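Labels run A, B, C and D following the written order; every chain starts at residue 1.
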Amino acid sequence: MKTEGLIAAPFTPMDEKGNVVYERIEAYYDFLEKNKVVGAFINGSTGEGVSLSQHERMKITEHWTARSKQKKSVKVINLVGGTSYVECIENALHSAQNGVAAIALLAPFYFKPGNARQLAEFCARVAEAVPQLPVYFYHIPVLTGCNVSMLDFLKEAAPIIPNLAGIKYTHEDFMDFLSCIHFMDGKYEMLWGRDENLLSALVLGTRSGVGSTYNYAAPLYYKLIEAFDNGDLPLARNLQQLSINMIRLLGKYGGISTGKAYMKYVGFDCGEFRLPVKNMRHDEYKKFAEEVRALNMAELFSKL
Amino acid sequence: MKTEGLIAAPFTPMDEKGNVVYERIEAYYDFLEKNKVVGAFINGSTGEGVSLSQHERMKITEHWTARSKQKKSVKVINLVGGTSYVECIENALHSAQNGVAAIALLAPFYFKPGNARQLAEFCARVAEAVPQLPVYFYHIPVLTGCNVSMLDFLKEAAPIIPNLAGIKYTHEDFMDFLSCIHFMDGKYEMLWGRDENLLSALVLGTRSGVGSTYNYAAPLYYKLIEAFDNGDLPLARNLQQLSINMIRLLGKYGGISTGKAYMKYVGFDCGEFRLPVKNMRHDEYKKFAEEVRALNMAELFSKL
Amino acid sequence: MKTEGLIAAPFTPMDEKGNVVYERIEAYYDFLEKNKVVGAFINGSTGEGVSLSQHERMKITEHWTARSKQKKSVKVINLVGGTSYVECIENALHSAQNGVAAIALLAPFYFKPGNARQLAEFCARVAEAVPQLPVYFYHIPVLTGCNVSMLDFLKEAAPIIPNLAGIKYTHEDFMDFLSCIHFMDGKYEMLWGRDENLLSALVLGTRSGVGSTYNYAAPLYYKLIEAFDNGDLPLARNLQQLSINMIRLLGKYGGISTGKAYMKYVGFDCGEFRLPVKNMRHDEYKKFAEEVRALNMAELFSKL
Amino acid sequence: MKTEGLIAAPFTPMDEKGNVVYERIEAYYDFLEKNKVVGAFINGSTGEGVSLSQHERMKITEHWTARSKQKKSVKVINLVGGTSYVECIENALHSAQNGVAAIALLAPFYFKPGNARQLAEFCARVAEAVPQLPVYFYHIPVLTGCNVSMLDFLKEAAPIIPNLAGIKYTHEDFMDFLSCIHFMDGKYEMLWGRDENLLSALVLGTRSGVGSTYNYAAPLYYKLIEAFDNGDLPLARNLQQLSINMIRLLGKYGGISTGKAYMKYVGFDCGEFRLPVKNMRHDEYKKFAEEVRALNMAELFSKL
């Protein structure tokens, strides 16, 4: 059964010194739930998984799953990917013990797999350690530098990763994406990973996306999906344009860390990003907040 | 009034020695017309404009416009872009004298404009030589190496290129594309240039595309557009998948020159591509033709 | 017999409207001669060959060769490369008629040759039109986008381009460069094309370089070569560092067009670069000139 | 006092299952010492640091330092770099406790620092945890994707990283490299990291290199350095060409893992590389070994 709805990639709450504030995670879960988000893709790019220690990633997982065991409304997918399969396996086993709904893997991003076969073999090595868990592959070549076609990956992975569930696809190759949707009669779940282009993926048949802006603007995207489902394309396009206007401020104010500025704006402050990511200064935040207000989309942000 | 329908980027008919066969152009025009193609984007990438001499490009223009003056069904857009504005202007003036419907410009691709302002100024220099002609910008960063955002380009170009009509957009940045569609209340015509992703552009509101596969598979795409307009998305997706399957053979058999192999296959042989483009060998063509037959889409190819 | 000494890639003298000032070319020839420059690589990147029309390139050639026939001190190499072999051949034939010492070819830079064989075949098509002329290949992947290894190119070109004389190598792959120097017992002349790294190429055995800074700082490099030949490496390194300091201002003030600012500084004004290249503003030139003065290398610039 | 001589980046010895064979490390130390290698840059690219767990990296450090405490001939530099400064600090502290001679840091390679300042701040965060230890920065943009100029990095790092000792420079930007050599009167040690271009770096003044081929061909490079120091450039060039011929087989047989095939060839078998790196098959090894024999350089390989 495939996911229907938005999966947020949560930020990792931190204090002023850059330490993880684990105890905010339960409230984060409730915040997502309240905004009808159906999944939390934790320890991902947005969650700064690579900037955390293995120990921190595990503790974060424990807090998310503590809540998901109670509530079940938001399913937890844990990105255990990295460059060392030894550490990925360790992390995957811990995820399984703690009751995540699924794990996700990343292409190793120092030594890059040269082809789909190598990538599939690397993933298989981790996936076979948790045969009972669904496994997603997280395709984000702009950060990993691994540009393997996902259709080729599925062809290689299908026979050797029986617990492969699908792909979080964060790349603009819609030709490859549609081919993956159709592969093996739609066996694999294709989760779209570019919030600014969701409409162009919906028309290809996806029913779910994973993204960072679903943390703070879930209502916008649920309206967009509704408009699309109703065949009201002009409305859907205008909502997508609003999403783009919002996302353009990410680039303008320094990139991924602006996401935490949006969280502060909507009232769920998660602190700042760790180095090497740069955060905006206090005076920049003021200008940023003015620009956000000028977007005039208060009712489209997530509610506390 | 914006274009509705497919614009083909014609191949340049050549003989076995690589000389242009000008006298086939009139028949080519009729072939496009018969398949309801509404425009011919000549001397473009598909037309090997950069591999031709200025003299050849002009003679090709003369043959296309000779026919368009008689028939008016297929409008002729001539790519006059290049690296020297002196030659672009010379070519633009010749185009105007011969009655093209519009010209198109390309980002200079040796010295690459570093920002939107420089690109707009280069284009303005040519556009102002033919103030009566609509001018399209042809955005194809994978070949030109010029990655300027088209939204930024429109902002710079709008005040200094009054005859700017729109953009042929051959790039997968749908966020930028939608922003251009919405720019100045939709003033500019946004022609989609990636045939394999047409569906994802239709949903954003484009009503026309420019591409090479519209030369030989126009019926496929007209069915796709019709399905989309009727809200029959499963059919539209299946047709887009067929288009992808067809396009995948381009990559498999050596790239852009495979387009001429498709032309041979559908019965309108245009010879081969000039060096430095590589053409498939005779025995490879046989295998290629078998694979095309196996696509089982005879009725979706253009008809002689 | 191989070249010994510096080959300048001349700028194209232009007036304020961007028209070529052909009549300054003879004085330019004498300027190079006076500074012991042994060759002029005309219509290259520095000469804005791609921004000129074919007609302009030819007229420039005529002016350079008019002088070289009288004086013979500076040999003229004409870059006839481009994307269309038809125009390259036309240009090569004109070069031969006008008595250039050699021509040079460029990798076609719109459709990029995918491998060494295709590149060699493209070059052969032009070279065979002028069998009596030495032909250089100009390797500058940062501008052409063609990253073929030159060792592979030589292997493919050697049997099919009998008049291949060597390579102008403008790329930092010293492993490939040294392999080319040793190929076929040093048959091919390897001209180094990165002025800022000349010392690292001299140690590998090259005896000549082609560059833009040899237009205005030939004495600096002749001293560097002399120091290297005398085994005075600390001096050679300091001179190379001065060259780097000088070249760093190119980047700081906008790139290639800063070369013309240097020409103005040393007293041989060639005007500005054509669009799409950006030139510095008048007030920027003042700051630039101050920074050049602060380099304290007056005696190392070329003399009028 | 700066390093004089070769620093090897050791491979990590593994058994057939890909487990680390720690007990071979002492013999590895002696092998390097016997071949006059003066340093071991452990847990680097060659050592598959990113493919190991933190625990494995630490245990490897313990084995190398166990021997260096006894012998002191080969100094141990430990790469503690990664994407999480928390784990880097943990590793750096462990390195200090175990008596390494120095640590090295890498640009974080998932979120890439956008400029020199961010990179320096990231490094400072780790370096300040071990103020008594010399710190090298390991510059290898082809793997990290961080293309910051090292001159800019030194300018930012000098005031905030007092224990910065120098840079392992694995990139072909000789202009930047020479500028770093001259920065602050040569304060920082510049270790060259491209074995195939060592000669072009020696002429710029470096006296040491860090590389993988110094593991198995140290005598070749010591002869090259000797020839250079004696002013016998033809011999130095021929030896560099031999090094290139040897290194070209790395590319031909699959890249970095071919280094372990060379180790097997010279008699110090370290097993294979972990996934995602691909290793050659047994039958490929036979062909590889033949090609190595044909290089005819037996006496230039390291001796057991």
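FYI, a contact is a pair of C-beta atoms (placed from the backbone, for glycine too) under 8 Å apart; a residue touches a chain by one contact, two chains touch by 3 or more.
Keep in mind it's a predicted model, so treat the numbers as computed, not measured.
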Pair sharing more residue contacts (C-beta pairs) when B-C is set against C-D: B-C
Interface copy of A-D among A-B, B-C or C-D, judged by whether over half of the contact pairs recur: B-C
Length of the line joining the C-alpha centres of chain A and chain C, rounded to whole Å: 50
Length of the line joining the C-alpha centres of chain C and chain D, rounded to whole Å: 36
Residue numbers of chain B (touch at least two other chains): none
Touch list for chain A against partner chain B, complex: 172-175, 178-179, 181-182, 194, 196-197, 199-205, 228, 231, 233, 236-237, 240-241, 244, 247
Complex contact set, residues of chain B against chain C: 45, 48, 50-54, 56, 83-87, 90, 107-114, 118-119, 121-122, 125, 143-145, 255-256, 274-278
